[in-house]
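Both complexes shown next keep subunit A, but they swap its partner, so subunit B is in the first and subunit C is in the second.
Here is the complex of A and B:
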């Protein structure tokens, strides 16, 4: 059991660090790809496809919390009550991030034409990034405290 | 103190009902929030923005601002705060799903980012409010049994 707990602790630390890094890299990677007016050229298409896969993977990470290949016992250790609470709080901040970005897109579109696709991309990107950042911060704090 | 508890419970039940009704009404007014150039459209748009902001304040703070501090604290106890976190998480998923949908639809039928933002805000807030109202009502129903 001690081995399991140690391993879960190491994985949780890795997950917390990964969440923060992934959030920052996810936002940074989008900076060069706006705007993406159709028709897209080949690199733009690849970039967009990568963004879709990446966003879906991060949302899956936020929902499931990782440890999927490590068995139910390890998964239970990795996703205890505290982590579930952290995930909820992270998603709550993701909600505020998404709504805040949407409000910004709404306001900006009065001065600068923004397509629905670009608006949706911004909202998804910042919503996910904020949720991941919050999750990483909460998890690291809790692990440090432990 | 008992009186404070009674007032908080009545206000909490009312808040749950208002949350569900506001969510439904907010979605139905989506069509009325277009930003055309007529004066009436501007008024509608401002109304929609103000209403959206008010619903967000309710989601963030829990309402009951006209109640005494003790009642407000009782209205926003640990259970309600947990319900709020859960409802915001639902709002997050609905906002993400709606954004993904607008992203796909724009590929076939292009439309403005302003409309996408309106749709995402509307469904995100409505989903969070509905969930909050639902959780609160379930808790009160459970308490009654």
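Here is the complex of A and C:
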């Protein structure tokens, strides 16, 4: 029985670290690609599709929480009350992050022409990244002394 | 000011010589949840509080109390 708990702890640690790393890589990749933008006169289907798929995958990771292939008992351990609470708090911060970024984009648009596509990319990127960072932090903190 | 929830989970658990992992297994949660409840970081749901009390053989009121009580 302790093996179950040990395995759940190990997976939860991995998930917490992965959430933090994925958030940082996601933001870094978007910042790195921003000067390129997605000009309307140039087909960027692949680039756009990759970004959308990446964002959707991160959202799925945040919402589903992992352990999908490990059976109902392990899945329940990996998504118990504290994890659900951490996920809820992380998503709330992600929401506020998205709203804050939207306000910044709105302000920025008075000084710098910014396309709807760029704006949406910024809002989604920071919303998801903040939620993932918060989830990773909360989980790591809870796991530290367990 | 929000009331703080106190608990005697650790005392009750150690009285029964249970580890966090063993108690977690009895109630079907992770060790992380037991740890955060013991440290007062996480306030459990009514369902979990009832499960914890049942696993430790005591009442919920014996396990949890409000600071002002």
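The definition used in the following text is that the second predicted complex is superposed on the first by the 135 of 146 C-alpha atoms of A that agree within 3 Å, B and C clash if a C-alpha of one lies under 4 Å from a C-alpha of the other, contacts with A are read in each partner's own complex, and residues count from 1 in each chain.
Simple rule for what comes next: a residue touches a chain if its C-beta (ideal position, glycine included) is under 8 Å from a C-beta of that chain, and two chains touch if they have at least 3 such contacts.
All figures in this text were calculated on a predicted structure; none of them were measured in a lab.
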Exercise for the section: With the two complexes superposed on chain A, say which partner A:18 touches: subunit B (first), subunit C (second), both, or neither. Expected result: neither
Practice task
Name the contact category of A:81: first (subunit B only), second (subunit C only), both, or neither.
Solution key: second
Practice task
Could you tell me if A:128 is touching subunit B, subunit C, both of them or neither one (first, second, both, neither)?
Solution key: first
Handout entry: Touched partner set for A:89, first subunit B, second subunit C, both or neither
Key = first
Practice task
Could you let me know whether more residues of subunit A are touched by subunit B or by subunit C?
Solution key: B
Practice task
Please indicate which partner A:7 is in contact with in the superposed arrangement: first for subunit B, second for subunit C, both, or neither.
Solution key: neither
Practice task
Applying the touch criterion given at the start, work out whether A:27 contacts subunit B, subunit C, both or neither, answering first, second, both or neither.
Solution key: neither
Completion exercise
Both subunit B and subunit C touch subunit A at residues 85
Completion exercise
Given the complex, residues on subunit B that touch subunit A span 35, 56, 84-86, 88-89, 91-93, 95-96, 99-100, 102-103, 105-107, 110-118, 120-121, 124-125, 128
Fill in the blank from the handout: Listed in rising order, subunit A residues that touch subunit B in their complex are 38, 59, 85, 87-89, 91-92, 94-96, 98-99, 102-103, 105-106, 109-110, 113-121, 123-124, 127-128, 131
Problem - In the complex with subunit C, residue positions of subunit A that touch it - result: 1-2, 4-6, 8-9, 12, 76-78, 80-83, 85, 139, 142-143, 145-146
Practice task
Write out the stretch or stretches of subunit C touching subunit A in their complex.
Solution key: 19-22, 24-25, 28-36, 39, 41-42, 44-45, 48
